[in-house]
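First chain written, first letter: the chains are A, B and C, and each begins at residue 1.
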């Protein structure tokens, strides 16, 4: 708990946030914060409510209780469009591009709320610096891109508003391991290029925690642990809890030993 | 009083026609998921074939009995003015026997069913390539093609004049006031038969296969159902039913006009099914009764018969009001009751089938015991 | 030797085919726009055309307008009424259904319902008021050039053809170059992501319906300028319009070209059919219907497609 950033410097904070769908509460009483320049990973087993938490923050899932504070302002009940206009940017897990639009048009739509063409051009250059592959596909329909390129475009689209905070919902889902690693690596470029703080929800906990400054472990809709990425990775009790592959290998080691 | 009884017979007759149409549409769309928006196409084919057969054969019989030669006409012989004269006076002149009238009716209905089934099989071809809204538009367009040709061509039903003197089954009956009542009873008989049939069929293994196809075609295929064959079968059955409904309408009205089969008629059937609830046969009957009532009672002369006088300007708008009401109903049902007013019931296993399953089970057990 | 009169007849059929074809194309444009943004196969669309035509007629006769200024006023009335009818049908029926997750087939049925309401209420009103069952603008299409005393080019030809080309180019530019056009495509492609990107998808939808309805109104105005309108005029053309739009693969240029092909085919085939085979010209709608059926069945993605779009095979 001691490592949590001072409230004043937090870009986004949640206080006892509960959210879900319909009448079903999925995440409960979550206190969370992210500061400027940070990459924070949210990890946990399947069905622990990681994605729901992110959607609750953004107003896509339903808020039952608690607060969301963005740069000190209460945005708990604002719709997604309003949050985009305030400087947050969200990349959904699936269907996160416009398949019938070209790559360039996808990025333009990401900058829909910006009127200055100069700013849009600059933002597009930044995106092409982070994901050079996309530059060659400017005039290609996004639906024709490969899985990895799609995810890059999805993240790129979200960066077009020069957001003050980027929320990524499992960006590596369904990607081949090598491409997933490349994508996660490119997230570091985002920080270097733009300094945008990132909240990333990830299935591949180890990779995400290695990349992130801090991490939260969600289990059954509640925070089970938080701390720096290294700390969480080194806690043996947590490995049993969420790192499924690791757990198996531990069992095997014991058998061998 | 007589006017009222005729009006109610009319309602019952139209109810029967709409009920058979709606039951067949429900089988196709409600159970099988095939949006046959060309319902009216198969209905019209039934009407044309029954009407022409009855008119042609009736004309042969009547003219030979009367000794009048009817010929020398450019189009079909039954379209000539002489043919109209012979057929319309056949009953009063005794040129046709009661048994012949009944025979014409029976033959007409059977021919309609056959023609409907054949064209249903042909009409299932587009369903191999299309589904959903595009299939609906295709079938609707096919229905319009047939209507336009029938409206403009002497073949088969005398272009826009239509067939106007089709021998009806009770034309020989003396008491004209009772003719409609008799026919209403007859049509209710048909409706009950078709109701029992669709009820049985919908709860049979075949009906369950249809539902499986409707809910998820891929899954149905994985489970080994031949969905192309299922669609063909359901359209054959549904189209035969629609054709019979068309024939029954002809033998009530004694006439066939191509413009009876505008797309609006299909929409009426769809509304009846929507009102009653998709895949729900009882509900569909209720829907058909409502649509028939709108059709029969919502005009100035019917209301007058019932003792309601309407001012002249309201009277002119009434026939249109029926479709305005239907349009509003469509939107409201889709918005607030997409499952219809009466929800779909789970599949019932009829007693017979249970029994059969029991026997089969016993058999299997015995066999298994025997081999051991 | 082919008779000279027949050659002139064919020329006349071609010229008139150009006019009616442009009209079909013009009508198909709005249908295409609405279909591409909302995926509604809108059967009520034809009624917006009829409403536009009647609005133009009523505006001109009620206010006793004359001349070009009168026509301009009639056009404004047609645009306003048709756009309003389109917008109202979306707000009251289609949008609420879409929010509830209705399938394209349900939307088709709903549009049939909306069409019934619009068409038959107009019929009811026209049945009450005198002179409304058949109407046409008091300022009529006039002859510009006469060809051999048989065929002629009229102002309505010029108006129909130029409007069709102009609006197709305009819509195409809007869809590919302007922010609102791209937002329309984005909304059609992925509505949730469009919202997340800060696009007001409901506003985009409203703009779509207003433009689509306005196009119908324009077409209705041109129609009433040359033809006589009755409350079922639009409905009787609906399957032609659908044929043009589907043949054009629901693209703007494709719709216009398909409309022209259908219109010219209609006029030329029915002229030749009646001259050589004595066929009744009333059969001509069969041409459009058969085209529609063949295109839907064998090339549902369209025949003449000049734009890339991923129209998924609809099952």
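To be clear about the criterion, a contact is a pair of C-beta atoms (placed from the backbone, for glycine too) under 8 Å apart; a residue touches a chain by one contact, two chains touch by 3 or more.
Please read all numbers here as calculations on a predicted model, not as lab measurements.
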{"item": "Chain closest to the middle, measuring from C-alpha centroids that were averaged per chain", "value": "C"}
{"item": "Greatest separation from subunit C - chain, by CA centre", "value": "A"}
{"item": "Chain-chain pair with the highest tally of contacting C-beta pairs", "value": "B-C"}
{"item": "Centre-to-centre distance between subunit C and subunit B (centres being mean Cα positions), rounded to whole Å", "value": "34"}
{"item": "Intercentroid distance (Cα basis), subunit C paired with subunit A, Å", "value": "46"}
{"item": "Between subunit A and subunit B, centroid-to-centroid distance (C-alpha), Å", "value": "59"}
{"item": "Partner subunit A, residues of subunit C touching it in the complex", "value": "179, 182-183, 185-186, 188-190, 192-200, 308-310"}
{"item": "Subunit B contact footprint on subunit C (complex, rising order)", "value": "41, 92-93, 96-97, 100, 102-110, 112-121, 123-125, 127-128, 239, 242, 280, 282-283, 285-286, 289-290, 292-293, 296-298, 300, 314-315"}
{"item": "Complex contact set, residues of subunit B against subunit C", "value": "35, 126, 129-134, 136-138, 141-142, 144-145, 148-149, 151-152, 217, 264, 267, 270, 274, 313, 316-317, 320-324, 326-331, 334-335, 338"}
{"item": "Touching residues (chain side subunit A, partner subunit C) in the complex", "value": "58, 60, 79-81, 84-85, 90, 92, 95-101, 105, 108-110, 112-113, 141, 143, 157, 161"}
